[in-house]
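Before anything else, here is the set of structures, which you'll find just below.
In the two assemblies presented below, chain A is common to both, partnered first by chain B and then by chain C.
Right after this comes the complex of A and B.
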């Protein structure tokens, strides 16, 4: 197993040994449960989870920074970072391992929501289409991956977990608001730029069952950019 | 071996390390000694590759820490100060993680972990959570992690700082044993620790290496002139002039008087030979009864304090 895989494995397991991991799972299950019960599970309604997935850009906002805030910030605060980066592992593997561990944990956080799919499947006639649901879950992983990459960068910039949480949360809120709202007071080129990075628009496409190559590349390349910045932030101790 | 050549490091305008050079050979336990803020931790961090040097080079087991960083790190076992560990993990879980991180083959892992736990005496707490362990146990788990991959070079930052006296003795014995075949660099600000543990001392202050040698060499070079204590029945006050007349005696002063017994401190001049025999003869010739005549051995502490006084202008300049 590569060093990144070893780090990812430790990171993933550590979420289940810490209260924060279980709180995140419970928080997300509760939030999505309310949305599912209130918005999707309607007598006589169409059997679709489109609204559930479309809202996920906002639902994931408090959850992903709570996962990512400790990735590197806690290592720096507790001093374990020194032992980690002086082991025969490159800084890039450290960042990648931490990120992958968090991403796999995010999949575990999403897992309980499959109960909503099962419920919808059992109670609706006709049954919901599988395609949009699979695409919707793909969008959750891609979206969560982007959010976690932003959080990994924030966690690499500070040794304070709270600060890492707040940096991630407010950056994502600002991004969602700027790219999802019509801002008449900004120049047209800026409006076009915000539209280009619109997260809600892309998630809505996935929720319809449309898996666009451009949208997929957007999420993956966006995550890669933030991870590269996190790597740079970790490396920066060498020239600070 | 560890070879540092002219390493320097600044943080902004503060020059933490300035042109430090030394080499530690296999089979040596070297102590890096200095007061707080002397540049010990920065030097250690440069050697372990955590920080790059602004100037100079470091080789660990023949690998340049800048250009062959991963090979150098593979050859190094490092115990950082205060042994930072993951409190949520079990001892054996943590050691398994470190073994994987260092690429120890699966078939060798159990043996390596067992050997490290046995050497550092942590088998009794193998399934306990690290966060529930005493600081002494945590320190020993950190040491076990540093030994897991059987590295030829060990860097230990304050390895006995949290241990109780019996654990200190055991850990010193372990480090001495490891030092028979490995290169070991121990950082400490406890003088007695370095004196008892290390075959060699590197004294650093103000980011500058002030002295480098075996404790005996340092005592000879920096211990200052020899000192003697004489306790004599000296009602006639003849002892002091008799001692002053001995060739090589630089100063005599009275330490205390206890009835008819006077205790005198004698300081020899630089390069004077052992003066006990001529002093005994002089006192006998003066008819003075002596109940003690002994050489007062300088300690590493004397050397350290002397060097710190010498280095003060450098330190003030550094600040």
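Right after this comes the complex of A and C.
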């Protein structure tokens, strides 16, 4: 695990070495800032971050693929991946380390949004409850973790960062659309299946201030599935 | 590497990945199956309010099979309100199997079809009852037509014949002749009215076109019942007069003709009266109770199991676009309404509240004093009536509100101003009205009726007489110190002010009323202390609230001048009351609310009179953009007391309205603009600036 930790640390720092890391943070802050300022910051309105959290399933769509696209694709393109996978570090450590580094960076991306919490704290009466805000941020980390795991898989499948971004982005859009809208033309069993993997429904529950064991396990196990597939994709380079 | 040699690691990789995925999927399925949920909201906003969870528990105990259906056009609903109501329905759905929840968007094609199926199902459920009632109304209509024929064809000519047999030789004969002539005409008119009523009733029980075509026995029954009852009264009068005429020494031919008329009327009169009574007692089928809501396709329906009835909540008012401050309370209101609708199905015998007061006028429906309280009680299925003993000796009958005679009646007693003088010559002074109310109270207590007694300060003890309104407390071993209300004073920059309003935060207790108001602010206006006496050994007195003696509160004996000064002018009253050790008392804390029992008799005494009026109990603080109850304990105390007095303790539960919601304070346009730009543009720019600095420093 220490090997994964080292890789995670290196990956995390690398985001700040490149302008793209700062741009991603600024972009997310701008997107969420507009949502918060226009939707929530209404005098007399309910002092809640719920709209912000509930919209995050969509707001994170452009951000997380931008973080994950370079995780393995960049290494493959620059040829450093061969060196990495032939080093005494297992492929599982590589995938996990890269993923964790991206996840910590995602937390850094979310950090500026704490300014919204501070603003609510200052302008609301009585103070907003901490519980729903904590649950909301937990949902963002879990949701981001799932998105990043999908991105890690896409990044493992191709050495082209743009392709990795697009694969991740459109897969997540399709998942959100399929699980979040009523698809009358598909069979009912498929509707039930899409409902079972609905992301918006789960994020909305967290945004209310409810932490469900089932929802938490869904995000973690979903991320585990995609990471297992990413590991399989990376491992396949050895015997392809 | 050959294909065969590659197969080994590939299989291991595939098997490992598959195993990880399988474990993850199983974990997700188990997580969904055994889903534990943690509500992190401090107010429990995402939890069921005790009142709603209590209603759901009772629904489960009743065998379940209940449904909650929200029908509305989502396009015209306020999105936040729709979400809030949806949250409540989600909570209900997760609370167990007893209540199934459905949302129908009546604005979508699929929703329209679903809604039509729902209406058909509801109609089908009540069809046997609708058909049975329609048949009874048709039968009553046939009797009405038969009676109309008899009135027109038999009675009217017979009465006319009697009239022709009376020679108007004397004034009495002339009067008798006129009577029979008039009654003959009345019988013809009555015949036409009956036929008209039978026709209208027949039309009402014929299903009409439209989205929800239903027979309306609930509309037909009163039409026929009223017509038959009026005819029964007319026939009774004719029979009585005819019988008197027949035996009263009238001329033989006329008397002989009148005798059989009287005899023939009696059985028809009795049948008309009994048919009218039967029609009035027909219960309203559930689907008809909600017919209006079904027609509007905008309702929150609570549907009981077959035979368990239906209740509808006005969803339009919940979902309509509104001020944000009002909208923020939607979740609480939705919880209240769903709880009320469910409870109405589970426990249909709701209490009837009779407001008893010492005024010489009926005011509860005309003056904005109890408007909110009555609305709140009616939302819970509690009917509210009024009794002014000064005007009428007997309490109102509740028969038309309680056809099956199972509803408990609770008397909510308000004290009069005993110091008031009579305003008109016909008016009685306050002391006299207080005495009348006191007698009415004693009578209610003698009859074992449950009483919620609110006490005013009284001038009677000052004159060495007992307060007649409070004297009923003696049988419970209590007395009210109503001659010395509790005052307090505050030093303001403008000078000393004597205050008559007190805030009590009850600390709770075992008693269900005390538990319902625990930690909720209760405002008491002009409170008077209650004190235990030794006379009530057979009675049980439970203390509900005590008023602390903090901030220098005392019981004042010279309060009348302050009492008679308008509230707004009290701060400017020269020489306001001040504590005088010789005649006043600092003996707090004081008991100000108690629940008493003596055998089956129950009474709740509150040492304040106006604590449940709109201006106190339903005052909302609008300051800083928020609308929250200023004293949430008052309304809870009223409601909990009524449930307890009605013997329905299981329905006592704190309402969702007692919770508060954080709101954003009013901001100046400049501050709001600065905040918005700062967050939407300043924050990202700051991040980019930080990035530039970072890269500059770290290379």
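Just so it is clear, the second predicted complex is superposed on the first by the 239 of 240 C-alpha atoms of A that agree within 3 Å, B and C clash if a C-alpha of one lies under 4 Å from a C-alpha of the other, contacts with A are read in each partner's own complex, and residues count from 1 in each chain.
Please note the rule applied: a contact is a pair of C-beta atoms (placed from the backbone, for glycine too) under 8 Å apart; a residue touches a chain by one contact, two chains touch by 3 or more.
As the structure is a computational prediction, the values presented were derived from the model and not from experiment.
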| item | value |
| --- | --- |
| Which superposed partner A:23 touches (first chain B, second chain C, both, neither) | second |
| Partner chain in contact with A:3 - chain B first, chain C second, else both or neither | first |
| Partner chain in contact with A:137 - chain B first, chain C second, else both or neither | neither |
| Which of chain B and chain C A:12 touches, first, second, both or neither | neither |
| Contacts of A:211 with chain B and chain C, given as first, second, both or neither | second |
| Chain C versus chain B, contacts on chain A by residue | C |
| Which superposed partner A:79 touches (first chain B, second chain C, both, neither) | first |
| Which superposed partner A:99 touches (first chain B, second chain C, both, neither) | neither |
| Interface residues of chain A shared between complexes with chain B and chain C | 17, 238-240 |
| Residues of chain C defined as touching chain A within the complex | 1, 6, 9-10, 13-14, 16-17, 20-21, 23-25, 27-28, 30-43, 45-46, 80, 87, 110, 323-325, 328, 624-626, 660-667, 672, 675-677, 679-681, 683-688, 690-692, 694-695, 698 |
| For the chain A and chain C complex, residues of the former touching the latter | 16-17, 19, 21-23, 25-27, 29-30, 33-34, 36-38, 40-48, 112, 115-116, 119-120, 123-132, 134-135, 182, 184, 196, 208-218, 220-222, 224-225, 227-229, 231-232, 235-236, 238-240 |
| Touch list for chain B against partner chain A, complex | 11, 45, 48-52, 70-71, 73-74, 76, 78, 80-82, 84-86, 88-89, 97-98, 100-103, 142, 145 |
| Partner chain B, residues of chain A touching it in the complex | 1, 3, 6-7, 10, 14, 17-18, 78-80, 82-90, 237-240 |
